Amino acid sequence: MSPFVADVLIPAGKIVAVILYPMVMVIVMIWLERRVVALIQGRLGPNRVGFQGILQPFADAVKLFFKEDIIPRDADRFLFAVAPVLVMFSSLLAFAFVPLGEPIRVGSYTLTLWIAESPVGILIILGLSSISVFGVIFGGWAANSKYPLMGALRSVVQVLSYEIPVGLTVLSVCFVARSLDLVEIVRRQQEAGIWYGFLLPVSFVVFWISAVAETNRAPFDLPEAESELVAGYHTEYSGMKFAFFYMGEYTHMVLVSSLVVILFFGGWLPPFPSVKALAVLHKIPGFIWYLIKIMFFLYVYVWIRATFPRYRFDSLIQLVWKWLIPLALVNLLVVAVVRFLL
Amino acid sequence: MPEKPVDEAALRDEERALRDRFPESVREAAFEKGELTVDVGRASLLEILRFLKFERGFSSLTDIIALDLLRSRGETASRFVLLYELTNFAARIRLRLRLEAGADESAPSAVPVFKSADWAEREIFDMFGLRFEGHPCLNRIYLPDEFEGHPLRKDFPLEGRGHGL
Amino acid sequence: MTDGGSRPPFLLTRADQFITWAQKNSLWPFGSGLACCAIEMIATAAARFDIARFGMELFRSSPRQADLFIVAGTVTNKMAPIIRRLWEQMADPKWVVAMGNCAVSGGPFPTYSVLQGVDKIIPVDIYIAGCPPTPQGLLHGLMTLQEKIARSRPTQEIFRTDARETG
Amino acid sequence: MAFKEIELNMGPQHPSTHGVLRLKLAVDNEVVLSVEPILGYLHRGMEKLWESQTYTQIVPLTDRLDYLASLSNNLGFVLAVEKLAGVEVPKRAQVIRVVLAELQRLASHLAWVGFMANDIGAMSILLYGFEQREDILDIFEEYIGGRLTVHGIRLGGVPRDLDGPLIARIKTVLDAIPHTLHDIQALLNENRIWKQRTVGVGVISPAEAVERGLTGPPLRATGVARDTRKDFPYSSYDDFDFDVPLGKNGDVYDRYRVRMEEINQSIRLIRQALEALPPGDVRAKVPRLFKVPAGEVYHAIEAPKGELGFYIRSDGSEKPDRVKMRSPSFINLQSLALMCQGNLFADVVGILGSLDIVLGEIDK
């Protein structure tokens, strides 16, 4: 293989793929959400545009592209414009570090299914995804309006608080795997013959609850609580800028679901990786397993949203500081001690 | 069409109690369609309301109703009448007090006795322009503050006087 | 659209079709209920009639993100300036549906406090009669609006190939 | 936090003020200091308009007051006129009125629980409630043609008799409602988030509630047993056996439980009424140009929202001299400021929702 292909074309292709893949997931997710919520509510949901309404998100995107872009007169123009970009691209950028599967051998060339492998990949992803909170507070503050400001303040308090249990539970996984590298974590799960979600159930539950809260999704969708704050931090946004916020939220959800799958559910591993009788499951490519698992968690997101009422702000904060953080700390301690003894 | 015979004796008792307590203030009492209306003087309105509330068990001021009697009384100074609907839920009787708003188109506010009178009096101020002395915050409740006139007065035209857009 | 003049170029027509296809299939209504008609509007969004089939279930509570203003109910003189302001806050392109007799013409309330038709303050695209209109009536109005959007030529706003410039 | 006290304007165009209510809030770090409702954005001049209409023409206009319970408005107004004119309504019509009014109560409460849950963020409940409500609206549509503004109770009786197929249909719907109710309650009753948001929120004491003229479910949630259907029976409600559900704490949760139990009681009432339909006419002779003898009268009924009263004064002509409506939502809303004080900003929405207000009858 020529150096041009290996050093330029393939990385370029990978970059395009890594931008396209979350985008496709987001579009599928938006369609899925509207259909699934509709089904839960005894409705049909979008079914007019394309087969079963699958083109609905495209129509929405095209329409938003041609909408007027309003910047309120008293807004801080620079921050107002930067905020949605931050929200969208911080989570998109994180996908560069999310592995999609084991490297594939094509002749002598080894095609890695990630753009950048880092020995501290998980830290980089957590760091990048935290940047989106800056987008939220910039957006809420720059609009110079009360409801967005309240939404942004809520969001900051919420996201910063819930980062702590996320970090603590990720740490417990890293203790067990003895690595901060996502590919390595999956390989360790293969070696151990058990997904960490079953080995560390407490970590998984705490991580999942915190992750839902970090993405500002129901029942923790207070920053954009419609019945209280109109549309929260993005109240003043229209057109493509709003679309960036909207898609940024879904990109973040896909990212979080990918992390859950990698950390706790064996990434691209088929179920029961060590059971010989089920070896037939290995015939299915790992990437498919990976997608199925991600879709499952995205579905859970929607399911929760259609079922639960919204938390109130004080009980939301109490939940994290009084329950999740102590629980995560004790869990970390137990994991560390057990790991040290074994 | 009262399905149940109204307890006329109980209402007459109330009337008697009022007359005994406030011989000067209570003027006429009319018993009609099973409802008792007692004419009272404005000076002792609050006293009467307190008496009815605390001693006769009329725990609820159900509503306050204002009337513009322009058609029957003409452009006289005292064309407005206020009606106070009181309910005694324990005895299951209702009583109506009738008060002439008089020449200065005002009345004492009932808010010190019944808090539920608050918005009802604001509504009457808005619709009729009657003032209530002692009301904590008497301003227009429905119409914008710059609206001129009081719509429920009989000389106000239905379609307004062109204060719209 | 073009009265007697030259036909718009093929490419722009295709672009028009593409844009209007997206616009008519993604009408996000502004969740604004005024009176009785608002209940029928909600009933239209509920399971029996399900406005979501047309991709219209995303009721936006911020006017900035909405495309469609369904004026559902009586507009009073006190409310009129607010309606006007909300309409101004909406981003172009935007459409207005006057739902119910009150919004169309003041309905049964020829009184001192009621605006006699919302078209006195904002331009209306579709009028739906009824007091209130049934959900079927609202859906019919919305489908008529979709047809109207499909006939529109958004690129002419940009390139001005139309004879409208002179007129 | 950076800011101390800020003033917030909720409405008149806000997703959860149930119409065009405007609330002026003073908020300190999300704690509510004061609430001031500002009304009049839907003031249509109903009472003025009525003075220029005949009695027969007013009945359909009352539909537009509490548009979630139009039949109750019809009933309240019609009963007051009949009391003033001394019209004797046939027994069968009275019982049909009970059936219609209670069906309307079911529809209103089912819509309420949906709006309430939606305000608190549980969006699916709205859809379940509305789906069941549609079945009731279908009955109205089959009965007289209207869905929302039904105009199904007329002066002197009801416009149509209940026939066999319609009665069968009502019974089918009555059988279905408890299932929906069970689904809704399974999602909410013991839901921790729901209870956190409703228990102990928006509390009002029985004494304060009576003082401020609260009626309907919000009053009964405080434990005060007041129901116009029991206290001042009308339209042969006293022939039937039903309970008045009561709460204990006067909070949002109790208001929810009271309304849910009222649905069961209404079903019970309708079943009894359908069994006890007496034979006979359904409408007394009332001329279209109905001249009501001079006099004045006040009559109240128990609407889904509370005590709905009509004061009518006639000067002997075909048009009333004055009609004054005691709208339950208007009086109930007065207590909002008291209920909200010291609660969190997020709770204002829930407390407002729990009062079950309709702007149509508040602003008139």
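Order of writing sets the chain letters: A, B, C and D. Residues in each chain are counted from 1.
Following the convention adopted for this analysis, a contact is a pair of C-beta atoms (placed from the backbone, for glycine too) under 8 Å apart; a residue touches a chain by one contact, two chains touch by 3 or more.
Since we're looking at a predicted model, the values are computed, not measured.
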Pair joined by the larger number of C-beta contacts - B-C, A-C: A-C
From chain C, the most remote chain by mean C-alpha position: B
Whole-Å gap between the CA centroids of chain B and chain C: 46
Centroid spacing, where centroids are CA-atom means, of chain A and chain C in whole angstrom: 36
Gap in Å, rounded to a whole number, between the CA centres of chain B and chain A: 64
Centre-of-Cα separation between chain D and chain A, whole angstrom: 45
Junction residues of chain C, two or more chains touched: 46-47, 61, 78, 110-113
Shared interface positions of chain B, touching two or more other chains: 142-144, 151, 156, 158
Where chain D touches two or more other chains at once, by residue number: 14-15, 40, 43, 45, 48-49, 127, 131
Every chain pair in contact, whichever chains are involved: A-C, A-D, B-C, B-D, C-D
For the chain D and chain B complex, residues of the former touching the latter: 39-40, 43, 45, 47-49, 51-52, 79, 82-84, 86-89, 94, 210-213, 226, 231-236, 238, 295-298, 300, 307, 309, 311, 313, 315, 321-322, 324, 326, 330-331, 333-334, 363-364
Touch list for chain A against partner chain C, complex: 34, 38, 41-49, 53, 55-56, 58-64, 66-70, 226, 230-231, 234-239, 242
Touching residues (chain side chain D, partner chain C) in the complex: 12-15, 18-20, 40-46, 48-49, 60-61, 64, 67-68, 111, 126-127, 130-131, 133-134, 137, 147-149, 359-360
Interfacial residue positions of chain B with respect to chain C in the complex: 142-144, 151, 156-161, 163-165
Residues on chain B engaged by chain D in the complex (per definition of touch): 1-4, 32-33, 35, 37, 59-63, 65-68, 71-72, 83, 85, 89, 92, 94, 96, 114-116, 118-120, 127, 140-144, 151-152, 156, 158
